[in-house]
Amino acid sequence: MDLLAFARGPALTFATAIFVAGTLWRLVGVLALPPWRDLSPAREGAPPNWLGAIETVFRKMIPHKTFLKAGMFTTVNGYVFHIGLALCVFAFAPHILFLKSLFGFSWPGLPNGFIFGVGALTAASLVAALAYRLTSPVLKLISRADDYVSWLLTFLPVVTGLAAASHIGARYEMLLALHVLSICAFLIWFPFGKLMHAFLFVFSRGATGARFRHRGAQL
Amino acid sequence: MRHDETLAAEMQRRGVSRRAFLKYASYVASLMALPPSAAEALAEGLAAARRQSVIWLSFQECTGCTESITRSHSPTLENLMFDFISLDYHHTLMAVSGQAAEQARLEAMAANKGKYIVVVDGSVPTKDGGVYSTIAGISNLKMLEETLRDAFAVVAVGSCACFGGIPAAKPNPTGAVAISELAGGKPLINISGCPPIPEAMTGVLSYVLSFGKLPELDHLGRPKAFFGETIHDRCYRRPYYERGLFADGFDDHGARQGYCLYKLGCKGPVTYNACATLKWNGGVSFPIQSGHGCLGCSEPDFWDQGGFYRPLPTPLGAMGPALAGAAVAGAALGVGAALAARSHQKTYLAASEKEKD
Amino acid sequence: MSLACEAKQMLEDDGAFVDALLWETHARLAHFAETGEIASIDLGGLPMSGRDREALDSILGRGEVSAAVEVAGRSEVWETGFSSVWRVRHFGDGTIAADLIEITSCPSILAADRRDADNAARRLAEALEAKLGNAETLA
Amino acid sequence: MTAKTTVSGVAFDAQGDRNDTDRRDAAMQGFVRDFARTAAIHMESCVRCGMCATACQYYVTTGDPKYTPINKLRPFEQAYHRHVGPFAPLYRLLGIKSNVSIDMLQEWEALLYDACSLCGRCTLACPMGIDISELIKEARHGMYKAGLVPDRLELMDRTTKAWGSPATPADDFSDIIREAGEENGVPVNVDLPKADYVVTTAPAELTEHTKALTDVAKILNKIGASWTYSSAGFEASNIGYINGDVELQEKMTRKMIDNAIAVGAHTLILPECGHAYGAARWEASRWYGREIPLRIIHMTEFLGEVVQSGKIKLKKIGESTSFHDPCQLVRRGGVNDAPRAVLKALGLELKELEDHGALGWCCGGGGGVVSNTRADPLRFKAFELKRKQVEDANAQHFVTACGQCRITLTLGAKHFKWDQKVESLLELVADNLQD
């Protein structure tokens, strides 16, 4: 079996299985903990908890202006690589085919040249994020191994993807195999590190949203 | 059969000038993307060479490779190859049969000891002592071993000989293996494909004949001149790929427009061969041009890559059961973890209560 | 313009490629004029369309010499409108087998090889002897 | 009780004479009991983006990264991962997340008590929506259990346990009320067996701001309500809530609620105190164990009600004012409109601070910080932010609706010799009642 067949075959199946099992393990493990029921009467006119939660999931997409004064880079750069990653994952034709094979439906993609540009921008943005993490005193203090591992495992699929698309560095099937393997590594790590925020943000924002909107407080 | 005369003298005897070598050399140089200045050296080499004894062994194969080489597109030019070599044994093409045929092989081996080239098409069954394919009562395994012993080099022609091919596809009932596994250190060239492009076969033989050495090979032993680039890299439909324009079915708008066949399972991006430039049937067409994706036939295990119509980026394994199992396991672990945490918390609280008392 | 039309256009418009080839030819020709070093450009491996080939030949044009060589099929050789720039096209069974631009005084496929002369001399002598023999017989 | 410093030179207080291991284990027990679903989700969700730092007055004014809000949670987080998180058994097995060390707890005491006013501004800045302030409050539960609390706060805790209030023995309460009534010429009700409204107090009103005691009486008398103060349940500030002493928090909650039920009140009025609102309005039912059969409202909500319903009429002051939003009342309590409606009824033109409402900066003294003298330098540093915004608003009055905020702001002004009076909304209303 060559490396590409290994990557597309057993490696990908294993990694995806770990991803699914780990993600459910972590989510269920947290959500199955008993809640502290809030018996206090809601503020008059407060939305029901589920609505407060959903409102907040969206509300938190945009930071308050006052926090942007110091957090502009974090916010803008964060948006750049999140949108970049989303476009690369969900709008690149080969990726759509991959997702179609998993979910059974597909959608139109964007031209490769455009995706390539987005990928390059995303890689640059990730490098900037790392540089910021390594230089900001606050981030240096609060960062831990998880942050650097998660960064690397996000960065690798982007650069191997760019290399594969531009045929730089090695033969295409080797680059493709490395790309798939880097995604395997990403998937395996995902449930155990902060990458999990891709799912957790809904619950995290939602929980605070329910708490605050119940009180009639703004977020 | 011994061949003492130079090819130039032999051709001259037949009233053919050295221009024939020059023209043939131009042709081969162009095929193999050698610098045009190499054409003259190639012509000189060919002219000075002796007729090359070639022993062609056919094992577990379908004769498609022989069909391919004998139907090369320009008999007047390409057939010169058959003037340059002496095909001393090829059981499909030779006139004699039976004992006489095997005798011819042994004679050629004796007469050209250390100089003859062995061409093999087909894979060799190794299971159960190789009983699954025999010629004249001799197993392929034994015949290969015997013939290779005094050969100068071996050329594996076709994906079966190069990589095991279809006989070695799962579940490989005969234990078929590639020639490379049995070549025992002899210089080996793989010319893969199912079948290989005829020009690749004649080009490589000419090169060896003229320069007395192997051309530059890739990591799979294939001449880079023909296997240096992917079908995708040289495909005329590539701009559609870059634009994200794909055929979604074999009879949809995209297919009629001639859009890229990637979504229909084309293996062009990972297949190294010259189909997109040399094409087939005298440069008439190649699979993608006629509307079908590349099968990847010149790559190892092309039969076992999950299906010809399975797009390249899709996973090879059956994900469904694995993921369902993982989901159940993950949820169970999650519930278990939550219960464990609760009991752990209770233990802690109990300890704390005790302390209070 | 729709995306599909654009892509089609992209496949067809490739005039820049022929220009590059002509500049390359010019450079080699100038070098030949200066040093006498011959050169040739193989068009076979280049991704040229029929249209490109037509464009190339219409610019190069036809010069003073045109020749056909019949060996292992047909070959056509002609000098272009630019002296010392030749086009050599080998056919095998009707299709193009090799297609070259050669920058030289005379393409080698046209020149006879001296090593063939020996055989030719013998054959000519044989032809003459045969002719003489015939005359004697007649006489 | 001894004042000590950690290896890195940070001061910490320790109560009791337990050995380090016992202390550490007690902290872990305190931490672990608080991880319910929401806290666990929040513990899992941090992406270390650092946005919370930009929201914290202690980080912004000092630039010291250790004041980054999420950093203050490190021991709590470590306890979570080791004992409660979904991978906790794995971590314990592999020894990946070690137990919290006593050194770490001592180091973090100042971060959890001196450098956090529980103002919750970081919660609004967190893109993941982590309620950091709530988590810090829960982390304090473990710190209290371990006896690692600033001595000044612990002193208030012990006083409350002994007296029923950090300000005065419950026995003296009725006297203080009656004296204030006489002094200010306002008829007061204390320890009536039955009343519709029970009014509660905060320590500042029993010591410095005694006029507040009669201000509320004046308004209640004006609307002709049946109301009373009760010696059996007057203390609303709930030091247990602030210190992380959950037993005391529960005790104080029960005392106040049980009394109000006994008096047959339909409404319990909380004093002008932010944490009282958090503890009673939103958390009381958690500690009381069931829904509470009466209304609990903040003084500001009460003022809003009587003003907006027209039960009282106010004289128009006709000047401009700025308003300091008490964090627990506005940001974490949702009472944003009532104080503004009252100011409007007073005919005051409101000049909002640059950051106001839910986004207002904390006075810097909440969460016990103002009582914790050890934190004074940090608190004064944080005060600079507020001062600048108040000066920029350039209004004639500066009003707030929380006694603790008022004390903190007044102390700050005094420290910087800044001539700015901080007024109470209740007092303004009481002083401008129309006959």
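As written, the chains take the letters A, B, C and D, and residue 1 is the first residue of each chain.
Here is the rule we use: contacts are C-beta pairs under 8 Å (C-beta built on N, C-alpha and C of every residue); 3 or more make two chains touch, one makes a residue touch a chain.
Remember, predicted model here, so these are calculated numbers, not experimental data.
**Q** Moving only to chains each one touches, count the minimum steps from chain A until you reach chain C.
**A** Minimum step count, chain A to chain C: 2.
**Q** Chains shared as neighbours by chain C and chain D?
**A** Intersection of chain C and chain D contact lists gives B.
**Q** With contacts defined as at the top, give the pair, B-D or A-D, that has more of them.
**A** Result: the pair with more contacts is A-D.
**Q** Which chain has its C-alpha centroid at the greatest distance from the C-alpha centroid of chain B?
**A** D
**Q** From the Cα centroids, identify the chain that ends up most central relative to all protein Cα atoms.
**A** So the chain nearest the centre of the shown protein is A.
**Q** Can you compute the centre-to-centre distance for chain B and chain D, using the mean CA position of each chain? Integer Å is fine.
**A** The computed centroid separation for chain B versus chain D comes out at 78 Å.
**Q** I'd like to verify one number: the distance from the centre of chain A to the centre of chain D, where each centre is the average of its C-alpha atoms, in whole angstrom.
**A** The answer is 37 Å.
**Q** Go ahead and note the Å separation of the Cα centroids belonging to chain A and chain B.
**A** Each chain's C-alpha centroid was found; their separation is 42 Å.
**Q** So the centre of each chain is just the mean of its C-alpha atoms; given that, what is the distance between chain B and chain C in Å?
**A** Taking the mean C-alpha position of each chain, the two centres sit 33 Å apart.
**Q** If you look at chain C, which of its residues touch at least two other chains?
**A** Within chain C, residues 3 contact more than one other chain.
**Q** Could you check chain A for residues that touch two or more other chains and list them?
**A** If we look for residues of chain A contacting two or more partner chains, we find 25-26, 28-31, 33-34, 111.
**Q** Which residues belonging to chain B are in contact with no fewer than two other chains?
**A** Those would be 243, 333-334, 337-338, 341.
**Q** So what shape is it, when you link every pair of chains that touch: line, ring, star, complete or other?
**A** The chain contacts form none of line, ring, star or complete graph.
**Q** Can you name every pair of chains that touch?
**A** Between chains, contact exists in these pairs: A-B, A-D, B-C, B-D.
**Q** Would you tell me which residues of chain B are touching chain D in their complex?
**A** Touching chain D from chain B are residues 333-334, 337-338, 340-341, 344-345, 348-349, 351-352, 355.
**Q** For chain B, which residues are in contact with chain A within the complex?
**A** Spelled out, the residues of chain B in touch with chain A are 230, 232-233, 241-244, 246, 262-263, 269-270, 300-301, 304-306, 310-319, 322-323, 325-327, 329-331, 333-339, 341-342.
**Q** What does chain D use to touch chain B in their complex?
**A** For chain D paired with chain B, touching residues are 25-26, 28-30, 32-33, 35, 83-89, 145.
**Q** Give every residue of chain A touching chain B within the complex, in rising order.
**A** 1-2, 4-5, 8-10, 12-14, 16-34, 93-95, 97-98, 100-102, 108-113, 167, 172-173, 176
**Q** Where on chain D is chain A touching in the complex?
**A** 35-38, 40-42, 44-51, 53-55, 59-60, 63, 65-66, 68, 70-71, 84-87, 123-125, 127-131, 134, 281-286, 290-292, 295, 330-336, 355, 357-359
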